[in-house]
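Look for subunit A in each of the two complexes below; its partner is subunit B in the first and subunit C in the second.
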Partner chain A sequence: MSISLNTPAEKKKRKYFLIPTYFAVICYVLFLGFPFLWMFTTSLKSPIELLQLDQSFIPKGFYWQNYQDIMEKRGLINSAKNSTIIALVTTVITTIFAVPAGYAIARLRKVFSGAATGWILISQVFPVSLVIIPLFMAVRRVGLLDTIWGLILVYLVAALPFALWMLKGYVASIPMDLEEAGAMDGASSFQILRRIVFPLLLPGIVATALFTFLNSWNEFFFALVLIQSPEHETLPLTLARFMGSEGQVLLGPLAAGAFLATIPSLLIFGIMQRKLASGLLAGAVKG
Partner chain B sequence: MKKFKLFAVVASVAMVASLAVTIPARAAGITMTYFTPAYLPGTVAATERIVSDWNAANPAATVKIVYGDVNNMQDKLTTAFAGNVAPDIFQHEAASILSFSKQGYLADLSKEMKSIKSSMPVGLWNVGSYKNHLYGVPTMTQTYTIYANVDMFKKAGIAIPVGTNTFTWDDYRALAKKFTTSSNYGVAWGLKSPAAMTMIMGMNYNATFFRGMSASSGPILSINNAELEVPSRIHDMIYDDKSVDPASLTMSGAGPVPGFLAGKYAMIFAASYVAADLDTAAKASGFNWTALPLLKGSNNQQGANPQTLSVSAQSKYPKQASAFIRYMMADKNLAALATGEALIPSTTGSLNTLLALKKGNAGWTQILSDGAALTLAPFTLVPNYQKWKDTVLQPAMQQYIQGKISLAELKSRELNGWLAIR
Partner chain C sequence: MSTLSTKKASGKGKMYNRGAWKYAIPAFIPLLLLSVVPLSQAIWMAFTDNVAGFNVKVKFIGLENFHRLLGDKLFWASFKIGIIWAVSVTLLALVLGFGLALLLNQKLRFLGLMRVLSLVPWAMPPVIVAIMWNLLLRPTSGPIDGILSFLHVPGAKTDWLGDFNTAFPTVILIGAWVAMPIITVSILAAIQGIPMDMVEAATIDGANAWQRFRFITVPAVRAITTALVALNIIWNFSSFGLVFVLTAGGPGGKTFVPALFAYNEAFKYGNFGYAASMGVVMALAIVLMLGVYLKASKREDTQR
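After this line comes the complex of A and B, so read on.
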């Protein structure tokens, strides 16, 4: 006996079910997006309006001067360019190294795997304040101080262990049976990796890449210490200069800068999350 | 045609020769880095104008501005010194350069700044010194001030206190009570980070906090009535008089400004930099504000922690760097920087310049004349003072002000915290 979901009664039932579902989704999206929208409207308010006690959501006038200031006087475009290069290069290199290494650690014999994992964990336990001065000296010695390549190198060192750790977990969750089935069907090791493991690993790779990208995009302390020249500044450094001591803040320009700084990461997430979802379905065992 | 070719060749050779003459002169020039946390538009504009003027007048020793983040200056400078890449000149604050002075990272500017010494109050000069050597030239500083809504005072028929050494803590408390009604609080007080303010204001009651500064075993923290007077008075105003808006207690220093501008409070207690916001509002909406005289307990003194200019001991150009600092300290330049930050400039000449600029503005006139009450806060010279203030006093004082612990508990935490840190 087959059950049809396309009868008028079922359709009507589904329709009634969809209304509260969409309503809940809209409420949730508004709830999540409200701080972002508030930041945008704040970026359009004048200093006088921002000094008022009762702040309205809609600005009383559109004060585009905030955007003009951050772009012309504070070098936001240049910082955004630096941040984009640094985050993208770090993400690509980290992923290229972490995928095969993660696979190897997950599939190799337990003794080696345990030692490698332990080594990775050890590298993560030192607080940043402890390593910053030796790291600073090392970067200076190799002539990469105050360069975006120096920062990329440091971010790679910081990102790789955790990326490996994440990917190792994803690889371990792929059943060995699938690889063995591929081998039984005559696939080579490379084919097994490319056609079976990689599609199943794609969500993990995307998640790891997103994680690495966002960390590099938002990182502040290493950049603060290793970058000296304004022309090599990253976005978090530029944005921090809108804040003074004792809670003083240039709210309008800061909101404008923060709004623009959020857009690239939102776009990248928007593009990559499709892969995140589609990868979940790819390569599944068909019964 | 031949003549033209000959002329062209001669002209080209002459041009190349002239370049050859000028290039070495340029190559011989030096560029110094000036690291500054300036971020307010007025200060940034003033800094850029000053540096541009200097570079035009001194092409052989130019200055390049490097902007820093005011909240991370210490980390940035610490690593820069450790890595031997410190900026030639930098702006920081007196209390924070002390550790650099002790570690030998800063150049002694005593001789280079001799010409400036006589134009600065002795107390302020001493703040930038360590063991009689000047390591940071004080440029401008802030006071803690009470701002008043002039129209509200007029409406209530209450005279605005004027003069110097006339306005006591008791007067302040009485005024706050007078302006407190069933629907309004008399005063708003941003007490999110109360540690530094309570210590500095404690000097009104001769609070010293530390004794035995030169003892071989190190200074001893001593908390007595003088050290507890200011916190206890604040507590009384909040909980006994109920004249301080409790909503303001978790705000930063400038947090209560919007409420003040909206006529919600007759007074706010804040640092002098708030005057910049009040000026903006006054221009836009005619808001009528003034600053009251500095609060007086046994005296009206406040500890100064001025902005300072220092030269790194690693700099290859200490003479030129010192000359640049002297240029920045010129009356017109320092007055421009202080206007941008709404701070009190440190030299008499720059103070007079600024007073002339702000003539007719009662609030500014009062703030600028308060500079004489600023002096060295001895506790800023104590090793580990900053650490104790940030990790022990700050959370304990926050809890006391929020009514979570008693005065006795506050004292106990302060003393035990010091024993763990010193």
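After this line comes the complex of A and C, so read on.
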């Protein structure tokens, strides 16, 4: 069933599968897409409409005040600013560190690369609830508790191993022959890296950077532990706090904020699409 | 760990870029400082009586934390919930994701839409996912209950996330919703990597659709599936955000995953050392689960 051929007999056989197949398609589309659409239409409903039982999918009017409410009164703009700064700085620093190192891990002798890869894997096994304790103490010691810089520091710790892992996979897929040819022509090791590896690696670097950005944009746990003041909150923190308090009643603004916070993630995903998954697991299968 | 670790990471043939090692330094130093050091500290802490607060004298107490943890019934209840959660979410997401990948590989209408939709859950921040499902599952105004009562299905007006019996399964379903996209996309990529002439040859030899699925598709996705299951168990066993916002461990501790437990112990009660010992036990459990799983799948590999 998974692989289809276009012989007449096959086509005839496939016709019997069409109805259950399309039924499955509809189920998947509803399961995957409906929750998001419902959140969007909820964000357009007025408080009065949201009080009613058995709501309709389509709102009775467009109540844009929900967006105004969440952005201005609940400090969502400030949180979005924090989230953007944190995610951007984390991404830039992680990429600067991870690109040369990812290359080295993929191309170095077994001993080094084995140790580095081993460490990357081990660090993934440690639960964040364990890692956070020494990090919390370290951030507190340097006086960065409850600041966005403290959070950036912790996000670097979280992002670096996975970025290395992804980049290692991308480097491994670049044929060694090209570098050999470069060396034959007398290119220095830096020239090989800059002129041959870097251009080929660029899509991988972009994917890694976007992935890092997305992860810090979405992150919640570290922010919850390290940030206390509302003015330093990230988007997920503000929204989680809002949901735990007035958001229980103010469903419209809650949905509006949640919708807005998802847009950057969706945009990044639109750009990356399937490349992301293949890159993410490239390290796992290509080795 | 054959699929996860590097089989022949490098050193294939000759090394042409001998100077490469120096590029590792700028990242290995932060990796060492920001990753190796804190993780080692975390493990060390599990053997101390460290508590929150400034200038507290920290004492090495050996295995005392672990001894206390052994008798902590609440923790083991939470630990059990964590295992059930990680395994159920992974398996459910695997089944749903595999099904979706098979559908996406067919020539069907609305494929583009489905492809985009299949990625949406992945892109969303866990907190937003929790908020969104909370809106959907509200017992009075949510559409799920609207649909159920419209269809006269028993179960309408259930407080899905607040009821003792339904809360955990509901949270698992939402967890699988989040985990599906990575699985779908990776399995789809593996299926599309199957050479077409292999399928044609099998068809000419008289293999029917089921046989082609069993003997071509399944082996083709085996390696990636093993990696996906391993990664999902790691990610889910220690996941925090989704459950924290959805139920905060409630009702009555039914969804109290171990990450929540350790978080409370450390940042609510300030018992850093004790919380660290929980983290160490969780890490050991993950390693153990992975070891058993990867060994089993390797054995299966060599048998065929």
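Methods note: the second predicted complex is superposed on the first by the 207 of 287 C-alpha atoms of A that agree within 3 Å, B and C clash if a C-alpha of one lies under 4 Å from a C-alpha of the other, contacts with A are read in each partner's own complex, and residues count from 1 in each chain.
What we mean here is this: a contact is a pair of C-beta atoms (placed from the backbone, for glycine too) under 8 Å apart; a residue touches a chain by one contact, two chains touch by 3 or more.
Bear in mind the structure is a predicted one, so any value in this text is a computation, not a measurement.
Looking at A:Val225 after the superposition, I want to know if it touches subunit B, subunit C, both of them or none. Which is it: first, second, both, neither?
both
Check whether A:Leu53 is in contact with subunit B, with subunit C, with both or with neither, and answer first, second, both or neither.
Both partners, subunit B and subunit C.
In this superposition, which partner touches a larger number of subunit A residues, subunit B or subunit C?
When the residues of subunit A touched by each partner are counted, C comes out ahead.
Which of the two partners, first being subunit B and second being subunit C, lies in contact with A:Pro161: first, second, both, or neither?
second
Should A:Lys15 be classified as contacting the first partner (subunit B), the second (subunit C), both, or neither?
A:Lys15: touches no partner chain.
Using the superposition on chain A described above, determine whether A:Leu250 touches subunit B (first), subunit C (second), both, or neither.
So A:Leu250 only meets subunit B here.
Between subunit B and subunit C, whom does A:Leu32 touch in the aligned arrangement: first, second, both, or neither?
second
Which holds for A:Leu145: it touches subunit B only (first), subunit C only (second), both, or neither?
The answer is first: A:Leu145 touches subunit B but not subunit C.
For subunit A, which residues lie in the overlap of the subunit B contacts and the subunit C contacts?
Comparing the two interfaces on subunit A, one with subunit B and one with subunit C, the shared residues are 51-54, 132-133, 136-137, 221, 224-225, 240, 243, 247.
Can you tell me which positions in subunit C touch subunit A when the two form their complex?
1, 3-24, 26-28, 30-31, 34-39, 41-42, 45, 99-100, 102-103, 105-110, 113-128, 130-136, 140-141, 143, 146, 149, 177, 180-182, 185-186, 188-189, 191, 194, 199-200, 203, 209-210, 212-213, 216-217, 223-224, 227-228, 231, 234, 237-238, 240-241, 244-245, 258-259, 262-263, 266-267, 272, 275-276, 278-280, 282-283, 286-287, 290
Give the list of subunit A residues in touch with subunit C in this complex.
Within the complex, subunit A touches subunit C at residues 1-5, 7, 10, 13, 21-22, 24-25, 28-29, 31-36, 38-39, 42, 50-55, 57, 96-98, 100-110, 112-114, 116-119, 121-138, 153, 156-157, 160-161, 164, 168, 172, 176, 179-180, 182-183, 188-190, 192-193, 214, 217-221, 224-225, 235-236, 239-240, 243, 247, 251, 254-255, 258, 261-262, 265-266, 268-270, 273-274, 276-278, 280-281, 284-285, 287.
Of all residues in subunit A, which touch subunit B in the complex?
47-48, 51-54, 69, 73, 132-133, 136-137, 140, 145, 221, 224-225, 228-230, 237, 240-248, 250
With touch defined as at the start, can you tell me which subunit B residues reach subunit A in the complex?
Listed in rising order, the residues are 39-41, 44, 66-72, 75-76, 78-80, 82-83, 85, 190, 192-193, 251-255, 257-259, 261-262, 264, 271, 273, 277, 280-281, 284-285.
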